[in-house]
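Pasting a structure here, questions to come.
Note that the chains take the letters A, B and C in the order they are written out, and that residue 1 is the start of every chain.
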Amino acid sequence: MRSHTAYMTFETNARRELIRITEQVQAAVEEAEIEEGMALVSAMHITAGVWVNDDEPGLHEDVLEWLDKIAPPSWTPATGDVASELLPEGGDYRHHRGGEDNGDAHLKNLLVHHQAIVPVTAGRLDLGPWQQVFYCEFDGGRPKRLVIKAIGE
Amino acid sequence: MRSHTAYMTFETNARRELIRITEQVQAAVEEAEIEEGMALVSAMHITAGVWVNDDEPGLHEDVLEWLDKIAPPSWTPATGDVASELLPEGGDYRHHRGGEDNGDAHLKNLLVHHQAIVPVTAGRLDLGPWQQVFYCEFDGGRPKRLVIKAIGE
Amino acid sequence: MRSHTAYMTFETNARRELIRITEQVQAAVEEAEIEEGMALVSAMHITAGVWVNDDEPGLHEDVLEWLDKIAPPSWTPATGDVASELLPEGGDYRHHRGGEDNGDAHLKNLLVHHQAIVPVTAGRLDLGPWQQVFYCEFDGGRPKRLVIKAIGE
């Protein structure tokens, strides 16, 4: 079994941004000299994710808007009975009590998931015709790392 | 290390449907002749997912309904301040500007995640007693592929 | 290729709870005597998950509250047109027709995802500085299992 580890660092200008990294993952697989196996692509931060989907700019705007609806930057009261009982003091995310302002980015990490695994067949990422790998930044403006771990033979 | 790759093609009548594939994943592991390792089960399309859960028809209806609530087929305005500022022109998903009508299916792909990895122990999928593997179609009615990549020894 | 399988059993007092298991995953990797590879951490139940994020108690309360908003314990009608047509009889999750009361826990399993894979580099979990691995219980009070499968060499 061969293995190879590569790291990438991102520093986005925007707070929330999707960055295509399919080519970098393929390059890591080639450095690994793996014909058959898997490449794990995993954000090393808790406010970022990895998504495999379409490289269509309108969709990316839709996704960032929709994630803001589901995991809003400002805490909002629940409409349901059970969640309403869990009201935090001050009407803000509890995570913000220590001075943080990125509670929503942690929730977006949960929704998107922080990692994906790409199968490798005959030395190539075995993706469908529209599948591209994206690093999803939810709290940018500072250096953040991602690890690619390829195993196989 | 052994590896084995199998592909499945689905063409559902319904637009949204869950299809049990546990047995096919187990068969791929047996073809791989792997006793210890992992089987990656990954949709090759950007409007489908893979979910490991209960084979209970009521739950499946609940899940399809609930996914429609969270990732609705028709774009809906946000209630929160921040997301409201991200209003698309025309009140529809931006992804639909090119003639597509499956914006919600991409969001459901994100929620469900497009893949799962099943551990393999003593030649069997090492699942809990109620865990079954499902292919989740969100934009059916046409042929769509899934890859199973088993590695181990 | 080496492989090693470890199981953990949880029995929480609370119905919903996050339990840090980073150290147990690292211990399984050491038992496996793996220097380079991956450790799959996967809940064996359909009402639990695995999340890699910050060990910050306020955030954990935020997450449990937010999951109750998105996947509420009591079924709630949809606001959108399409989901509204999918109204279940009796205004409750269909999954509850058989006497179950944990429909929300299955939906939370879907949101959180039931597994994560941790890369292993030089014998250590290759995590970012704030990344910890958590078992996420959504229907506790009874024994539930998790599998750790480490492969590599």
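Everything below uses one rule, namely that a residue touches a chain if its C-beta (ideal position, glycine included) is under 8 Å from a C-beta of that chain, and two chains touch if they have at least 3 such contacts.
Every value quoted in this text rests on a predicted model; they were computed, and no experiment measured them.
Student: Between subunit A and subunit C, two touching copies, which fits better, same or different residues at the interface, with half of the numbers shared as the threshold?
Tutor: Mostly different residues form this interface, as fewer than half of the numbers used are common to both chains.
Student: Go ahead and align subunit B to its copy subunit C using Cα positions, then give the rotation in degrees, nearest 5.
Tutor: 120
Student: Whole-Å distance, subunit A centre to subunit C centre, using C-alpha means?
Tutor: For subunit A versus subunit C, the centre distance works out to 17 Å.
Student: Multi-chain contacts only, two chains or more: what residues does subunit B have there?
Tutor: 1, 70, 111, 113, 117, 151
Student: For subunit C, which residues count as touching subunit A in their complex?
Tutor: Listed in rising order, the residues of subunit C that touch subunit A are 1, 36-38, 51-54, 56-59, 61-66, 68-70, 72-74, 76, 111-113, 116-117, 119-121, 126-128, 130-131, 151-153.
Student: In the complex formed with subunit C, which residues of subunit A make contact?
Tutor: Touching subunit C: residues 1, 3, 5, 40, 42-46, 70-71, 75, 78-83, 86, 88, 93-98, 103, 106-107, 109-111, 113-115, 117, 145, 147, 149, 151 of subunit A.
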